[in-house]
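The structure under discussion is supplied below as structure tokens; questions concerning it will follow.
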Amino acid sequence: MDFSQVELTSDQLVFEKEIRELISQNWTPNLAHIAVDHDRMPKSVRMEMSRRGWIHPELAVEAGGAGLGEIELEMITNLFDEYYIPANVSSSLLIPTLEKFGSQWLKDNVLPGIRSGELTTCLGYSEPDNGSDMAAATTRAVQDGDTWVINGQKMWTTWGNESDYVFLLTRTGAVEEKHRTLTMFLVPMNTPGVEATPVWILGGGRTNVTFYTDVVISDNYRIGPVNDGWSVMSEPLATEHGAGVVTEGVSPVNGSMGAGFSRVFQKLVDGAIQWAASRTMPDGRSRLEDPLVRAALAEAMLDLEMCWNAEGELGKPMSAEALAKHADKLADMAAPEGLLDFGVDGSIAAGIIASERQHAPGTAVYGGTTEIYRNNLARRLGLPRPY
Amino acid sequence: MDFSQVELTSDQLVFEKEIRELISQNWTPNLAHIAVDHDRMPKSVRMEMSRRGWIHPELAVEAGGAGLGEIELEMITNLFDEYYIPANVSSSLLIPTLEKFGSQWLKDNVLPGIRSGELTTCLGYSEPDNGSDMAAATTRAVQDGDTWVINGQKMWTTWGNESDYVFLLTRTGAVEEKHRTLTMFLVPMNTPGVEATPVWILGGGRTNVTFYTDVVISDNYRIGPVNDGWSVMSEPLATEHGAGVVTEGVSPVNGSMGAGFSRVFQKLVDGAIQWAASRTMPDGRSRLEDPLVRAALAEAMLDLEMCWNAEGELGKPMSAEALAKHADKLADMAAPEGLLDFGVDGSIAAGIIASERQHAPGTAVYGGTTEIYRNNLARRLGLPRPY
Amino acid sequence: MTLVLRRNDYTLSDEQGQLVDMLRSLFTEQSTIDVVRAAEPLGFDQNLWSTVQDNGLLTISIPESVGGDGGGLVELVLAGIEIGRTAAPVPLIDHVVTMRLLSALKGTGVSIDALDWKAALAGDLIVSLAPISTWELGSQLVPSGAVAKAVVAFKDGAIILMTRETPAAQAQNEGCAPVAWWSPNDEDVLTTTLLEGHEAVDIWELAHREWRIATAASLVGLMAISSEIARGYALDRKAFGVTIAKFQAISHQLADIHMDVVTARNMTIKAAWLTENEPDFRPELAAMAMAHATRAALRSTAKAVHVHGGMGITNEADISLFYRKVSSWSLVGGGIRRDLDDISTAIDHRAQELVVTALTSSNR
Amino acid sequence: MTLVLRRNDYTLSDEQGQLVDMLRSLFTEQSTIDVVRAAEPLGFDQNLWSTVQDNGLLTISIPESVGGDGGGLVELVLAGIEIGRTAAPVPLIDHVVTMRLLSALKGTGVSIDALDWKAALAGDLIVSLAPISTWELGSQLVPSGAVAKAVVAFKDGAIILMTRETPAAQAQNEGCAPVAWWSPNDEDVLTTTLLEGHEAVDIWELAHREWRIATAASLVGLMAISSEIARGYALDRKAFGVTIAKFQAISHQLADIHMDVVTARNMTIKAAWLTENEPDFRPELAAMAMAHATRAALRSTAKAVHVHGGMGITNEADISLFYRKVSSWSLVGGGIRRDLDDISTAIDHRAQELVVTALTSSNR
């Protein structure tokens, strides 16, 4: 048991200073943009980070990292949050998978770039007709000698318009065989026949539909055995869900998605506090002294602390639902200004509230709906699979 | 559309006065006992009511009623509520069923007493191993010439210790045939072999397990065809659920169960208001001026109004859940006194809150769990049967 | 102590049924989702407004004495529900409620010279109400304030009329409602005091209640259509080999939405009838109808979005449009917090009743 | 501006793990559901208390300087969870928290002559705390006040000690907790002022936080066992031909309960460690742990009852006993409303931080 403050070493303090400088020179924070989960780290920042081995600093220098540790990784996450920079997500998920299942060719030619952060990836799991039910995938890959021909369509290919590779779930047998005829590929996005069309979502974020039309790739891009895609995909999927997080160390215990949403939640609460601090009641006192405002803010802070204490997979549904609940409640607290967009006359920080109300519904579906998470949790509790 | 006050006729005013007198002479209200759904109307009151045809006043005088109308029936319900007298429930459900399915013998010998209220009934549907799933009933009835021999056990036979008859669901074929081998009987509770054992529940109410051991009854007591018990039972069950309530007239639209729970909810809110009115804040002002107390009470009143506006079957789950929610919230509002039993030093009206917290969980299961109600509602919305 | 019974009749008369049928087909045909989308970001469609004018919908709930057709608040509520069902980009509710208030003022002899009455009655000049009085902000956020040239507000005990040559600039919002900041201190604004004193308070409060009830009605319509859309999607969409409506995790959400729609509709209708016919009886019903419609619409449309899974959060999905509308339509009136404050007047009323009961019960 | 990182390590040390094992088997064996039932209505079992005494559990979290074993708040929290798991009818938490407070007073040189220290340390004389100061009621509702002969409270800026020859009479409650009204004005009560001034406030507030955290721990235990009971029932019980755990309407409730248990446990452990090791850091964590444990226990045990269907509301069912305990154990500390009031001090703290950030961010 240990909740003490980490005494940063002098090296770590230097590391912090360097990152702050690197960011300042390459990036202007946009305070209106608090829900950054559909943006990608700006390329200029990424390249500078990559050059120093800081995209995955915990990796050895030879492996594209900087031989640093868990603390530096957490420092980066926190600094990115402070400067409103989207974190680096999908690529990290894939490194262990590529190490375990990747072809030698992928290991030699692509993995190093992913480790260093020079190359970026996106995830191609869901399809328009198959959201959470990935075993129903229909995007087809047909072997043709040493190559594969891929045809199909993927939904929710976030960053699909600006990634080097897509981690693609394909069907290599009968659809009826469900998870037994799936095969994974790492498809270069610049292959002819790959196209990304924007899908705009509540809150203004962009994701994509990606189309794969007679896309021909070498067998080198296959990850894992043919028809064993389910095994290949399960580990990054579980990591994305936040499973297996250990409850010790400096990382938040509520999983990567949960922690991300909790950070947004913190900004929502901060925005609401700033609203209250800048408003007076009819009697002239600050809204910070209004008992009902205090109760609303205290409840939000309580739920925020609860979210930080949710373990692993629990972090995502709990923080998604807390975010939605308090976006509504705080919008009401700040009514009528709570409905105004950021930057509009009179909105002050309340724009964060309105924007978060738009962002919140998405958090309950990204990476699987909250219902899927509850199904999974029920399974982990030893309950039978629901009908 | 009409929400106007009913101008009571002079006859109705006399009727009200007579009932008040009748009650005053036969009954002392127990203010500590707000959730009366497991008690039966006291016999002295019932007999006096029955003598005047007021148990079912809407029936013709010849049929055991008083030839009065819907308004008089609603007056009785309200007056009973005012004096904390349990309403007359199960027997009313059975009259249409007996008229439709009862044997001539039952119609001649039992129905008149049920109509007038001289005879009382209880319901024998659920079994220890079959709660909401009534089609799984195993209490067996075996025909033996002109008689039937019944063996089995029923759960939740509320009033089973003080009723003249039990409306009994039995199995007359293979259990595997589910609802196709059920048969209904009206079994006299004084038949040898019928026994009621108390089951005490949260909040102090009594219900019963009833045991049926080699109970021999004449075929006269059968209601409806052999193996058609499902049809016989469905109408009173639907009525109990509050289905088919019309949204016009003087009756509340939220069904008999919903209205009953809403009346209890009103008493809970009244108790909380009385608590607030009798308490001062540290600065000496009344708790009625505490903004957080006001908000808690206003939310409760809002939900109460919502419950009164829930139609038919919706009334029960909505009022059950609102009751539970506000029993918790108001107990918190009145903490620490909110935890004290009625009549205890310092509890004042707060005893109502503590007692309601105990009563509330039951309301979510009586007559079927809230899950069953949601299943039923989903069916009515045209959604497929859940797995 | 004597029993008091009230009728609980929520049914529509034949005339009311016909009105609903007419409105349903008019808005379904004219206020299609494409029209609504095209009217964003302002949230106003002039063609649809002309249709509303041409069909005489602006005078349905205006007294005959001032040039209206003599209908009442109930009719306005029925219109409000239909407007909500299509998220129609027309300020009918704000306009008519304001005209009803001005008509009441006229009825007491107040002259409203600052306004071209005929143009307002016809809807050629749009008027709106500033439902809450948050003058501590300096300005007032006014629903339909970005399309209105006249706004009626309550300030320092008086009903005032603010007019401008052109509507104020819209304050951007997620629901693309034509809200705008108005201030009597603005140099473009001409302000007239219409009425002061107790009578002004009474007339204003009644208008505020009417605004809440009619706005609640529009939220009821939003919820109702969202419920239908979500139900349709759940029946169509398959996952794990079956229609998702078979999952209790989905079907129970749809059941919850339905419960919210029914109760919000009934509370709104009841509040409208009683405010119209017995304005002194339970004045808190207006705030209750609005508070419940607000919370129910917020959670129901969120559930309706969620039932759609990922599809629900795309801008292409109709359901996301209805979701966006809710907070703009509901919060501009000040939100549930202010409604609860008004509901809490009922606590004091009930506390007095309970004391009376306690005293009289010993004399039974 | 410099980054601040903190560790997030919720794991138990080997010694802590052994303590939990010992407590788990002790209470599971000695505080069976029959023992708990037999101890009602008072909610106290002398035999179990003797066992607690004999096993040295009362000195685990008491400083060595005053005769204890030198453990801290974290150990008390671990004990609290185990007590909650069996709803053990012993006032260990109230007693030990109070003894820790008195030990702290002794540490500052306050003499506590009005109390037989040796008897109190051994548990032969039970002491308790009056966690909130509701003197406007005249008396204070004291947890364990119906079994304690000495109660420490805070009144008019001072820490006071009230003693009686025999415990006060229990105030009946649904959870059968040994709560009682205590008043310094009672003629049976002898009152001593122990400490006044700022130091008294600080020591009192820390004790109050400790009481909340340890009581939250007992609620965590109640919830955890309720979760396990409900899960077991859902796996056993069949309806419509299958185990009810297959219905999402059931399994998702069990998932929700689990989420509440995990978060409540983690928040309590974190609050305990930080209150013990860095009492000035985020003082609101104690109130947060208590508020969350309270609401989570209220809703989780209610769900656990509900998962049982009708069986859950019978007095025979174990789950109904745990349900009853929750409100008595949680509300005697004043309820969530008071916790939120303390949590709201964090708002002011954060508001200041945000101003600082706003100022400094321009200098970045």
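Just so it is clear, A, B, C and D label the chains in written order, and each chain counts residues from 1 on its own.
Keep in mind that, in the parts below, a residue touches a chain if its C-beta (ideal position, glycine included) is under 8 Å from a C-beta of that chain, and two chains touch if they have at least 3 such contacts.
In this text the structure is predicted, and so the values were computed from the model without any measurement.
Q: Consider the two chain pairs B-D and C-D; indicate the one with the greater count of contacting C-beta pairs.
A: More contacting C-beta pairs are found at B-D.
Q: Specify the chain most distant from chain D by Cα centroid.
A: Looking at centroid distances, C is the chain farthest away.
Q: Measure off the straight-line distance from the CA centroid of chain A to the CA centroid of chain B, and report it in whole Å.
A: Whole-Å distance between the two chain centres: 52.
Q: Per the centroid of Cα atoms for each chain, what is the distance between chain C and chain D, given in Å?
A: 47
Q: Using mean CA coordinates as chain centres, what's the gap between chain B and chain D in Å?
A: Computed from C-alpha means, the inter-chain centre distance equals 39 Å.
Q: Counting in whole Å, what is the centre-to-centre distance of chain B and chain C, each centre being its mean C-alpha position?
A: About 38 Å, centre to centre.
Q: For chain D, which residues are shared contacts with two or more other chains?
A: 246-249, 252, in rising order.
Q: In chain B, what residues contact two or more other chains?
A: Within chain B, the residues that touch at least two other chains are 292, 295, 371, 374, 386-387.
Q: Spell out the residues on chain B that touch chain C in their complex, using ranges where they run on.
A: Checking each residue of chain B against chain C gives 1-6, 8, 13, 16, 20, 24, 71, 74-75, 78-79, 247-253, 269-270, 273-274, 276-277, 288, 294-295, 297-299, 301-302, 305-306, 309-311, 314, 317-318, 371, 374-375, 377-378, 381-387.
Q: Could you please specify the touching residues of chain C with respect to chain D in the complex?
A: Those in contact with chain D are residues 247-249, 252.
Q: Using the touch definition up top, name the residues of chain D that touch chain A in the complex.
A: 1-13, 16, 74, 231, 234-235, 243, 245-248, 251-252, 254-256, 258-259, 262-263, 266-267, 269-270, 273-274, 277-278, 284-285, 288, 291-292, 340-341, 343-344, 346-348, 350-351, 354-355, 364
Q: Within their complex, state which residues of chain D touch chain B.
A: The touching residues are 132, 134-137, 139, 141, 171-175, 177, 179, 181, 238-241, 246-247, 249-250, 294, 298-299, 302, 305-306, 309-316, 320, 323-324, 327-328, 331-338.
Q: What part of chain B is in contact with chain D in the complex they form?
A: 126, 129-133, 136, 155-156, 199-202, 279-282, 284, 292, 324, 328, 331-333, 335-341, 344-347, 354-355, 357-358, 361-362, 364-365, 369-371, 374, 386-387
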